[in-house]
Every structure is written in C-alpha cells, then in structure tokens.
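Think of it as A, B, C and D in the order they're written, each chain with its own count starting at 1.
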Amino acid sequence: MPQIRMHTEPDQTSHTVQPLVEIRGLKTHFFTDDGVVKAVEGVDLDIHANRTHCILGESGCGKSIMARSILRIVDAPGKIVEGSIIYRPGDGRSVDLAKMRPGSRDLREIRGQDIAMIFQEPMSSLGPITKVGKQIVETIHLHRRVSKAEAKEQAIELLDKVGIPRPSERFEAYPFELSGGMRQRAMIAMALSCRPRLLIADEPTTALDVTTQAQILDLIAELKEELEMGVLLITHDLGVVAEVAEDVSVTYMGKVVEKGDVFSIFEDPRHPYTQALMQSVPKLGMEKRHRLPAIKGMVPHPLARPSGCAFRTRCSQAMAGVCDKDEPGLLKSGKTDVACFLYQEETASV
Amino acid sequence: MSSRHLAVFLWYHPWRATSAMFGFLYRRLLYMIPTVFLISVVTFVIIQLPPGDYLDTLAAELSDSGGLDEGTMQALRDQYGLGQPMYVQYLKWMSQILFHGNFGISFEKNIPVNDIIWDKLGWTFAISLMTLLFIWMTALPIGIYSAVRKYSAGDYIATFFGFIGLAVPNFLLALVMMYVAFKYFGQSVGGLVSPQYLGEPWTFDKFLDLLAHIWMPIVVVGTSGAAALIRIMRANLLDELYRPYVVTARAKGMSEFQLLLKYPVRVALNPFVSTIGWILPTLVSGEIIVAVVMNLPTTGPLLLRALLVQDMYLAGSLILLVSILTVIGTLVSDLLLAWIDPRIRYQ
Amino acid sequence: MSKQRNLKSVLIGGVAMASLTMLHMGTALAADFKEAPQLADKVKAGQLPSVEERLPKSPSVMEPITSVGEYGGTLRRAILGGGDQHNIVRLIGSENLVRWSPNWSSIEPNIAESFEVSDDATTFTFKLREGMKWSDGEPFTADDIMFWYEVLLDERLTPSKHPNFVETAGPVQVKKIDDTTVEFKFEEPNGLFLQNMAYGFGYYVVNFPKHYLAQFHIDHNPDVQKLVDAEPAAADWVQLFNLKAGPMHTPIFWQNADRPTLHPWHLKNGYGATERVVAERNPYFWKVDPDGQQLPYIDQITWDQVEDVEAILLKAFNGEIDYMARHIGRPVNLAALTDNKDRGKYDFYQVGDIPGSQTALMFNLNNADPVKNEIVNNLDFRKAVSHAVDREAINDIVYLGAGNPVQTAPHPLSPFYNEEWAKHSTSYDPEKAGALLDSIGLDKKDEDGFRLGPDGERFTIVFLVADVFGWQYPDVMELVAGYAKDVGLDFQVRASDRSRLFEIVSSGEHDAYLWNCPGGLVDAYANPDCYVPRGQAVFWAPKWAAWGADPSTGTEPPEEIKELFEIYRGVTSTADPAKQEEALVKLIDSASKQLLTVGLIQSNGAFGIARNNLRNHVDPMPIAGQLWTPAPYTSQFYFEGGDNLP
Amino acid sequence: MTVETTLGPSGTEEEHTPELLGPWALMWRKFRRHRVAYVSLWITGLIYFMALFGDFLAPEKVDETNRRGIFVPPQGIHFLVTDEDGSRSFQLHAKALKMQVDRATMRRSYVQDPDKIIPLGFFVEGYSYEILGLIPSKTHFFGPKNPRDIVYFLGSDRLGRDILSRIIIGTKISMSIGLVGIVVSLVIGVSLGGLSGYYGGWVDTLIQRLVEFLRSIPTIPLWMGLAAAIPLGWPPLYTYFVVTIIVSMIGWTSLAREVRGKFLSLRNEDFITAARLDGLTDWEVIRKHMVPSFSSHIIASLTLAVPLMILAETSLSFLGIGLQPPIVSWGTLLKEAQNIRSIIEAPWLLIAPGTMIVIAVLALNFLGDGLRDAADPHAH
C-alpha cells in the first residue's frame, strides 16, 4: 500500500489565523557509532497562538527532541535531516527554522525573544554559580536595548509576576538557595522576559511535587492568557494534559500516532496506544483494589525499530501481515487524526 | 533590631556574601596556625635527617686543595655552634624567627639568611607568577578547544602535545632548549640576563634583555603544568558542557562563545584557581633542577646547594618560607574558589 | 706523543733546591714606573698616591712568559654557586713569600725580596720589600707576620695548628729581626719548609693585615664587643675574629671583601651572595714588568655564577670564558670544545695535572671487619686484584686512551720515574689473579660464582665512588666490578656525592673507595700520601696515619709500614736535595712493592682554554693539589689589543 | 501512569537486543570504543611483556662494554645482499663498522666496512640467561646470527654498551620499582579520603588539614633528606625502594581528595541511604556499596600514577638520589645522556630512552583516560 501523507488542516472553526509554528515532515536523526537513531521520524505539527498544545508520550518517544528541534538546540550527533519548521513572527513573514544555520544571528534572535523554552530539571537548568537575577537580566540584555537599571527593574517585576515573594531579595540569590518550585518560577520568569510568542515547556513539572506542579501549570496558563502566546507543552502525564491542553498530539517512537483537540482525544481515543495510555490512569470512582492495566512490554530500543507500525510489538490488536509491512499514515478517523491500520480501511471506504 | 532580625537582615542583605567570606577566612586562618607549626617542625627534622653536618662537607671540599687542616676545622666547629641537641637548636631558631625575624646564619656564606633569600624568593615568586600566567594563557584556550571540539584533529594534537609535555622531564627540555638557543640563536645561555648586564643597575635595555631570556624558563617550567591543566580543563569542561543549564543559555539566544565563557567555563575554572596553591611548591621543588640547568637566580639552586652541604639554617628557612607561602597560596586559591563558586562558602 | 714532549720541555722535574744561599732576584731597576690608565686618572684626580709611592722600593720584577704586555680588558670566567672558592684562590689568591718557578722546578722569591736557608735546614730568614703596601694602602711589614704568629700561638683562636708550622717539639719559632726581616726557626731540620711556603698553604703567613684584623681581637681592641653586637654571624669575639680572619682556602675569606690583601686583584663583592663576583685591580700591587709597568695588566676579573658545569661549557662555546681549565678541561669535553673553537675564539693550553694515579683502588687497610681486614692486608690479594683488571681496556673505554695504564707511581716526566714501579703487577691476567686468590684462602665459591671468605660468607667489598674531577670514576668502578666478578670477587659499587663519600671514609667505616693519588711529579716530596700513610687525607689507612701523627692514637702499623715512616723522615729532616731525593726514591720503591693502593690509570695531563688574544699565560701550566697555579703569574696575563675579543 | 527516566538527547544504547550487562562488561564495551585507549592497552601490555622477557628480547648483555664500539650511531637493518655474481638475495643484515680515532680531539668515528656484513636473524644464539629466572636459555628474539658480532640498533653509549638492550632491560625496573609505593599511597589515599568524605565533621577537618600540610612541604628536600639518611651500605635498589615507599606515604593526598569528593557525593545517593536503612554497618556500606562504585576510578588513578613514577625516577636520578649505576633503568639511561656532549655527539643516547619514556607515559595516560571515561557513567 502506498504511503499516504495527508496534511491535516487546522480546525478552521477555532483558528482562523495561520498557525504560529507549522512543522511538516520533520525528521531528526542521531548518527551514532552504532547506527542511526531516528528520534523524530516525520512529524507534522501546528502550534497556534494563544493555545496550549500538548505532546504526549512515554519517555524515549522523541518528544523532547521534537521540541528542541524547533529551537535548533539538538546536541550533536543529532541532526534535522528532513522537513520544515515554519515560524511566523507575526509581521506577515515566515521563516523556516529548519533551514537556518544553528547558532546564526537570526536564529539566536528568535530564541529567547520569539520562542522561549523551559526545562524539566529546574535544579540544573539554571547556571549554578550565577545569581538568578543576573541570569534574567542577561536574557533581557540579549534582546532588548535597555539600561542596567531598567533591566533589573524588569527582572524584579518578572519575578514578582511569576509569584516569587520578596523578588528584589531573590534577585540576589543563587539558584542553590531556592527551592525547586521557586527555581522553576525563576526559569519561567527568565523565559518570559522578552514576551515570547511561543513558550516551549519540556516537562516543566515532572521534578516537582504535586502542589507545586499545579501552581506552575496554573501560572503557565495564566501567563499564556495574558501574553497571548502559544504554548507547546511536553509531558508524559495525562493529568497535565487534561488540565491545560487545548490541542494534543500523541507520539510514539518519533511519530505522531494520534492528534486532535483535547476533548476528542479524551472522549474517543482511537489509536491503541492512546487507548492504552488512557486506561493506565486511575479514574475517579474506580475501585480501590482495581489493578491498572499497564502497556505490555517496553519501548523498543531506538536502533531496533520494528518494521511497519512501530507500536505493533506492544499492540494488542496488531494484525499480522499488515502492521509489520507498512507504516500507517495519519488519517482522519472520528474526531481525531490517527495513524493506525485499524482505521485506514474504514476511512478509505468512506 | 533583635538578633534574629539582624540575622535575617544579614542573610538577605547583599553584604551577606561578604560576611560568609569573613567567616570562611577566619576559620581558614585559624587552621593555618597548627599547620604552620607542624611544617616548621618537619622542616627542621628534614634538614637534620642526613648524618653529619656542614663541616663534613667543608672538609670534603678542602681535601681538594691538598690536605686537611684540623685547626681550621676545630675553629669552624666552634664557630657554628653545631652539636647542641636538636630541640635546643630548633627552639633557638624558632624564637629568633618569631621574635626578631632572624632566620639564622648561612654557614657556607657566613651572612644572615635574611640577606640572601629575599632577593631569590622575589625572583621565585615573580617567575612563579609569570609561569602561572603562561599556564593559564595556554591551558585555558587549548583546554576549552579540546573539550568543545572533542575528538577533532585539533583535540588529538592538543592531547598528544599535552601528554608529551607531561612525559618529557623538564630538565631535559631545559637542556635541549638551552642548546638550541645557543646553537641556532646564538643567545647567551643560562641566567636571566646577558652577562654584560650582570650586576648592573636596572635599565630599560636590561629589562628588554630580561624579557628575551625569561620566556625560556617559564616555558620549560610551565609546560608540564600547562599540559596537566589542559587535561583537567578538558575533562572538567566536558562534564559541564552537556549540563541542562548550557541548553537553557542556548535557548535564551546566547551565542555559543558567550555562553561557553559565562557558564560552563566559569564552573570548570576551579582547577585553574587551585593552581595558585600548588604552583609555588612545584616551582621550588620540582623545578629545582631546571633552575640549576638554566642557572636561574631563584631559590631552587640555593636550596639544593644548601641541602647538599647541609647549610642547615639556610635550607631550613627556605623550606619553611616556601611551605608557608604555599599554605598562603592554598588559602588564596580557596578564597578565590569561594568567591567564584558561592556554593563553597556555605559548606 | 707531542703533548708529552711539550710538557717534558717545561716540567724538567728535579727541584733545583740549589739555592741554600741567599737568592736575590732583580732589584729595582726602573726609575720611572708606569701604571694602568685608569689608575693614572685617579692619581690625577688626587684619589690615589703616585705609582712610585704605591710600589715598594724594590718591586718584584716579573720575567714575561712570552712578552711585555699592555693594559686593559676583563678576564671573564664562571664559578659554581658554592664550594668553588678555589676558582678564585688559584687564579689570584696564591701570592706567598716565595713561589715556584713557572715550570715548577725551582723556588724564587715572591713577596719576600729574598730568603736564606741555614745549612742544617732549621732556620729560614725572609727579607720583605721595603715600602710594600696592602691593597688598602697601609704598609705591609714584619709586624703583620708577627700578628699572624700571635694568632697561631693563641690557643683561643688556633687550638690546632697547620702541620706546616708545627714539629714534634711544638710550633715554629718566629722572630722579627727588623721591620722587613723575619726569621722562622725549627728545632729539628725541616727540609720541606721552603717548598711548603711556596705551595698553597704558605699563604697563612702573609694574609693577616694587622691594621685591619686587630680591631676584632680582644687583646688589641677592648671594645670589640661592639663589633660583635653589630655582626649577626658572630656571638663572641673569637667567632668574629675567625669570621674576619678566615682561611683563604675556605669560602669565608672570599666572602669578606673588606679584608686587605696582597693579591693582584681585590674582590669588590663577596663570593656566593651575588650573581657575579668581580675582582678589581689592586692599585698597590707590588709586581712590575721589565719595562717598569705596574702589574696586573688586566683591569678586572669577573666570575659569573653558574649552577651547572654544562652551563660553563656552553659559555665557553659562546666565547664568554677567557681563561679556564677548571670544570671543563676534561678529555670527554675535548671534541665538543674543538668543534666550537672558532665560534668561541679560543684555543687550548696544556695543564700539567699529573697525579701519581688518576684513578686508584684504595682498600681500607684498617678495616673494622677482622675478616676483611686480614684479606685486604694480604699483599697477594691486592696483587690479584691488580692482575684481574684490564687497565688497557679501562684506559681505552673511559679515557679514550689518553692515560697510562700503570700503578700509583711517579710519572715518566718525573725525575724519579721507574718503569718497574709503574708496571708492577699490571698485566691483565685473570688466571693468575684467580690462582693468587685461591692461594690466600678464597678458594671456595658460592652458586653465583663468588668467592667465599674464610668465615664461609661471600667475600664482599663495598666500593664507594663519587663522580668528581670529571674523571668518570663511576664508569671506571663499574668496569672494575665487572673484572672482579670475572675472578669471583664481589665488588659492590655505591655511588654517592663527594661529601657523603668523604664523610664515610673519614669515619673509617668503609671497605674501599676509588680516588686519586698525588705524587706523580715533584709533589711527591711534600705530598707522599699514597706512598706512606702520612697526613690527614690518607683514608686507605686512617688508623696508621693517626698513629704516624701521634703514636698515642690510632693503631700501631706493622713493621713494613713503620719502616716507610722512617724512610720518609729522611726526606724531611735534611735540607740536602741529594739526600732528600735518595730518601724519596727509597720510599717510593718500598711503598710500590707493597701495592698500598692499586693504581689503574695515570693521567698525562689535562687542558684548558684561553681566548685567542690572551698572552703571557703559562703553557703548559703545572698544577697539583698544593700547587695553586696559575696564581703567582696571573698578574702578567694580558689581552693583545688591550681588550677582550668581541 | 508510566514514569521512566527519559533517555538523554543522545540516548543511545549500543546493543540491539536489550540484554543486561554487568558494570565491568559495560565498562569494557565502552573502553573498547575509545580506540586510542585500546591501542594504549596493547602498548602497555607489550611494555610489560618487555619487562618480563627482557633477556629474551635484548640482543646484547646489558653491561657488556666494548672498546671498539664506543658511541656507535644507530645501525640500520638491511634486507638485500648482492652476491659476488651480482645477483641479489634476501638476507637480513647490518653493515659492519670500522672505528677511526681522531687523537687530537679524542673523537671516535665509524665508517662502514664494505667487505663485511653482519647477518641478522630471529631466535639466534646469544648470551645465556634464565627465562623468568627459571629456565636456562641462550636463544634471543632477534640479533646477529654469530654471537660474537655486535650490532647497535639504537646506537651505543660511552662504554660501548648496546642502548637497545639497556632500554629493554631497564623496562623491568622502571615499570615495577615504584608500584609498591603506588599501592601504599593508594591504600592510604582511599582509606583517609574515604573516612574524610564519609564521616565529615571533625574527622574531615583533621584529615583535610593533614592533606594541606603534606602538600605544602616541598618534596625534593624531603627526598634528599631521606635518601641521605639511609645508610650507604644498603644496596642501591633497596634504598630506592624504601625511599619510594616513604614518599608514597605522603603522596596520597591528591587521591584522598578525589576519593573524598566521590564519597561526599555518594553519601547522599539513594542506594547508600537504602543500604544504611537496611541495617548495614558503616564499614559494610563502604566496602559493599561505595568502594565498588568507584573502583574503576581507582584503577584509572593507578595507571596515571605509573607515568608520574617514571618521571620522578628520572628527576631523582638527575639529582643523584634516584637509582644509580650499575642498575639500569630508563631514568639512569636518561641521566647518563644529560650533558652537552651527548646532545652534540650522541643524540641517540637522549632520543632513544626519551622516546621510550614518552611512549610509555603516553600509553599509560591514554589508558588511564580511557578507563576513567569508561568507568564514568556520566561520560559522554
């Protein structure tokens, strides 16, 4: 069966404008001594302003690499080998980030100013021996021509805005003097210092305790509204998705297997993987002794990518002679787009 | 303001860093006292270790001139007051140093140790400083390059030469360099100035002449240190280069060069600062031989000679002073470390 | 070999002790003296008296070695940072009452205008030069010598006295006859006194400027305590005096630039504390050339302080050394020095450094271990060792064939040369050696092939060796140990530095060591250390030596050794050269038969380098342990053109 | 909800089938990928082979002097000989040399003797020795076929001794004599560093002061004092051995600092806390959990200490307090070459042992580096 590639059009009802970032056919590979690791293998993605797009998947599914590919901060030996990342700065222009030289001035101007990013480990994502305030001021100075005093004022304002008490004192603090939550707030303050149009948050709450998690997510949501920015949130936590997402892409081994708006995904997950993920979450009213079904097996080694559909080795509904032959394309099925042969004939027949 | 308030005030006040530094400094200074005392005792033991005394050496040398003269020997033995118990000699020596700043007499030169050593210590110190600068100036960029371009041709070349620098004994390097300088550049060899400037007052020309000579010992002495530091810098920087905060900085839009210097290099700088602590004993001790071969007016040859002839107070004073300078150097480097890395201050 | 012929022409050997009567050398003949331009300027400026006033009435007129010279230039040398005071002593320091002639054949007046020796060799009278001055302009008279004598007798200052000035009955009697005449008187004949006064240690007498040193002497200056307080290196006046009046062959002397001397140049700064030692012309120096020019010709001497001998070599290549044999004149350096001759603009001169043996195996004949002592004292053992070593091979390998493979004995250039002594038991004959060893009870061997001693243990001799004089002693010793192994002898080599070695041998705890022996030429008279255990540096038989000096100490030696003492007395107790020579020959003959030391190689002389325009230096220049040359003749050196070559 | 640790950006495990490997196997796998280190391991192996079978490899007796072979420059190996009839045949050989002596400069020079060649071969007969001190043999790996011929592949020294043989024989001493000292400083360093890092507090302060104190004593005076204090009657090898041991007793400081650092960071790791909660004693925790987790690091430190030891030996030999002849080691070989005369007239005396030292030090350093990289779980 020839591979069918379909460009999913943005939902015209909810978004009349063009997406902020439009990713098409993105492939990011790692060229290691032992072989090529296909961390991102043909991903299409649209991120809209003022919307939160969640990327959901197990660990090792290439989510982070996908996010980092946007900012072109994938470490060697990783490389974008194919695809485009179209970014629209809002002035009518559009640039393909995938074609830009990493480290070029144009790209660096976009980083931190147009697109900002926060990371999973607030403990180690801040420079360990530089004062927090200085790190924020530094970001401001990178993109704005302001005086030192102004930058400091802005930084303290930002710290205040992200909910850090006594911001002018904390301005002088070193990261190791702050708690994890405070550090993540500081990270957010730093990311927001130039009012970015897109915030990429790579598992921002994983390392935090539950209460702090909620606070941080709320903060991100609030700030999204206020700054009207797009948010790309990477997580393996369905709870987080349920709480903040508007659009969701489910990824497995470097591919998007299902995508749609949050309600469709939760209401009617189609892909066996998505379904399995949903089942592994405890639900309200569930019996206490109920044993959560886990997805069987582990994510295969990236170098031992199964032929055909990558998920077939763990899929309870895998069809011999079908799933191991070809890779399914992403096709509309129900309310979501799904990449699974279970639904392809159905769609085709329509 | 209550004491609790004061504490809070200090904690959050910008000065608190300074106060933490003072506590650190105070503690370290206190620790120095027993250390220095121990050093003085051990120094004295070391110089007393070899059997015999200065007069045996003198006797050996005089035999060259056609015979020994017991009269001379006897007079000299009285002269130097050798033969008292060791602890008496130690106490006398220490009390003279502590209360009069008098380090004793050089047996061989018959002048107060004070008159000989300070000049030489000055040169030692100056050359140490310049060597330190040389080491830093070569090791820093090369180390960074090696780490950033890991496994590149440049890295392999730097590594190779780094290990060569480690593997070649420096006195050998000194001898070969001196020979090359003599053979191909016709330079006067040894010493820090050309013979015509020896014993002359300092002029600009003499200073230029000094510069033309001093690079050689600095390179010779510094090579192995630089090589070691390149290795350390490379390893440390490699540890830091892939840390999340580097990615953060990159995501902020900083240029590679800027972020390299502002974040990982700063963190990896600790061993550089530590060199301040060890450069002095290394220069004085490990490089004695270089100073002998290259004929430098440093403490090295003086100390070696003093040890060989058992010129007890001269050798003892040099070891003592160098050790104390080392302790101070370690202190300075620790303070600098604490200054660079705030985490250390609060440990 | 041309070198030998050359040396022979000068070192004629026999000491012409002819002059038992008054020896009077050329008294003042030049009415108008000339001086160096720099001094003339000072005289003009009124800072210095005229040259006539500075010189004694009858200055010593030096016969030029080659030609009358011209003033100017700096003689540049290098000196090691410590322990190298002989670098200065031998160049400028050795100016005594009398001196050896340039070829070491006769004794001439020097500081003394003339001298007289009584027929029985007990009384020695020296006439000083009238109007002679110390380097600070103060007069030098008999009082200065009497001051030295006072110090010599003073038990506080000189508790034990140099052997040159003592005899069995006690110290020599010194009498001032008048301001310019001094008489030395011994109870018994002292046949070697005049020689000793010409050799290095004669310096004591003329290095005690009373006007300077008296201030440090409590008998002359009751206020001496003030000076003691001001001197950190001295705790009482005795220490202060010893510091200021230190012996010239020790560093102390050269660390005190204030002490007036009679030397041609006077130190400007002390040795050891600076990077360069500088000696300036002594304006009151008392020697002139036949044209009446006051000596020295050369303005000043500099010694650049270095720490490593290799640096001196490089300096020489670079033309930074004007005259030097010390440290560099060794066969091993010859090729490299030859290669750089043009670059350094120098040439070689010969140094008659000819010891009785350049490398000799010295067994401690007073070994504390009775087993070892018995064996090493067996002449057959020493003979066996002597036959076991291949001297030709050692000479070839280590000394490039430059030496003579002979026993400790007078050199062929010496008047006493006797081939029988030199070749005694020198044939390389391991079988004979083995047979000899078998015959003295070392006939059993262990499984490693080493001979067992009478006690059943492996017979081991530990040899001490130090790398000194540039003679590659450790290499020689390594070869010797190999030869010893071939005949089943276990010679263990312990390399050490000189002072360590010296410390051990002076304590008498050693089995054996490798060193050199004086007495290759006429120094055998005054330094027969290897022919008779006499003196303080005889470590091959320290206890016999002690007994020889004072029979109440040490160990009484066997008859044949006692006989050696007796024979040597025949040398010292007469002033008749013929009798002296007869006794000395008898001594060497007797000693040689006993193989007291096993000589390996005898040197045929060394060399030095002199810059191409340096004139009037002695070539070949004799030198020996007590012959501190070129000193009495250095003042005649001059640079052709009045300056160093660029 | 499945929570796993995320794979890093370059998160690539090399095995295709996920099989569990022990830490040592993992290390070995990682190590082999560091090619330079892997080659260095082989070189190090060869060097120790040389140390063990020195007599077999050395063509000449180490102390065999030769009057006619002083300062012979390195002789080349030739392959083809021309026979009388002009035909060429294969025969490993060296050209025979004639010595010429210039008496004026006391210089020896050598010219090839066109009439004579010295055939060479493998497994030839030479001086007798004992393999590993046990089996008597006369067979040597490579050399002249006629035992009476001498060929100086790396030149000869001032006594006509073969430099190649001396380097080979010297390997044993150079690569072994300091090992005991290294072990001593290893034991002290690990114990004191461990105590310091594990307990902290006043123990730590005390040990750290001790380290600071020891580090501030210049080592050369200490060496000299010690060497001079040992009776001269002792065999030189024994003396040197004792001095290395004494010095290693103060040479443990840098290792102690590293170990302390490791302990400090390990102390708070979860698995240590777990082990402690399991009721293990401190000593058991240290022995069973902490030491194994950085034993690889210790091995690396060990390999890095060996080159330092070789260099220290050369320095001490220069000062005359290291090994002394007749003992042959790389240090004494180098010391013998340290004069202007050798540089000018016989540079091979300097180059040959110098190169050997550089090779050994390079190999050991790369080996140590490779081991450390392989051992470090965080290495990239």
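One rule holds for everything that comes next: a residue touches a chain if its C-beta (ideal position, glycine included) is under 8 Å from a C-beta of that chain, and two chains touch if they have at least 3 such contacts.
These numbers were taken from a predicted model, which means no experiment stands behind them.
Student: Could you find the chain whose CA centre sits the greatest distance from that of subunit B?
Tutor: A
Student: More C-beta contacts across B-D or across C-D?
Tutor: So, comparing the two chain pairs, more contacts are at B-D.
Student: Based on Cα centres, what is the most central chain?
Tutor: Minimum centroid-to-centroid distance belongs to B.
Student: Indicate the whole-number Å distance between the mean C-alpha point of subunit B and the mean C-alpha point of subunit D.
Tutor: Chain centres of subunit B and subunit D, defined by C-alpha means, are spaced 27 Å apart.
Student: Please work out the Cα centroid separation of subunit A and subunit C, and write it as a whole number of Å.
Tutor: 93
Student: For subunit A and subunit D, let me know how many angstrom lie between their CA-based centres, rounded off.
Tutor: Distance between chain centres: 53 Å.
Student: Provide the C-alpha centroid distance between subunit C and subunit D, rounded to the nearest whole angstrom.
Tutor: It comes to 47 Å between the two C-alpha centres.
Student: Listing for subunit B: what residues touch at least two other chains?
Tutor: Subunit B, residues with two or more chain partners: 51, 175, 179, 242, 304, 308.
Student: Of all the residues in subunit C, which ones touch at least 2 other chains?
Tutor: Each of 310, 314, 497 in subunit C touches at least two other chains.
Student: Could you say which residues in subunit A touch two or more other chains, in rising order?
Tutor: Within subunit A, the residues that touch at least two other chains are 68, 75, 120.
Student: Applying the document's contact rule, which stretches of subunit D touch subunit C when the two form their complex?
Tutor: 63, 65, 67, 70, 101-108, 158-160, 228, 232-233, 235-236, 320, 324-326, 339-341, 344-345
Student: Show which residues of subunit B lie in contact with subunit C when the two form their complex.
Tutor: So the residues of subunit B touching subunit C come out as 51-52, 56-76, 78-79, 81, 102, 105, 108-112, 115-116, 175, 178-179, 182, 186, 188-191, 195, 198-199, 291-295, 297, 301-302, 304-305, 308-310.
Student: Please output the residues of subunit B touching subunit A within their complex, sorted ascending.
Tutor: Touching subunit A from subunit B are residues 12, 14, 242-245, 247-256, 262-263, 266-267, 340-343.
Student: Can you list the residues on subunit D that touch subunit B in the complex?
Tutor: Within the complex, subunit D contacts subunit B at residues 36, 205, 209, 212-213, 215-222, 224-226, 228-229, 307, 311, 314-315, 318-319, 334, 338-340, 343-344, 350, 354, 357-358, 360-362, 365-366, 369, 372, 378-380.
Student: Okay, in this complex, where on subunit C does subunit D touch?
Tutor: 310, 313-314, 331-336, 338-339, 393, 396-398, 400-402, 462, 464, 467, 474-475, 478-479, 481-482, 492-497, 500, 504
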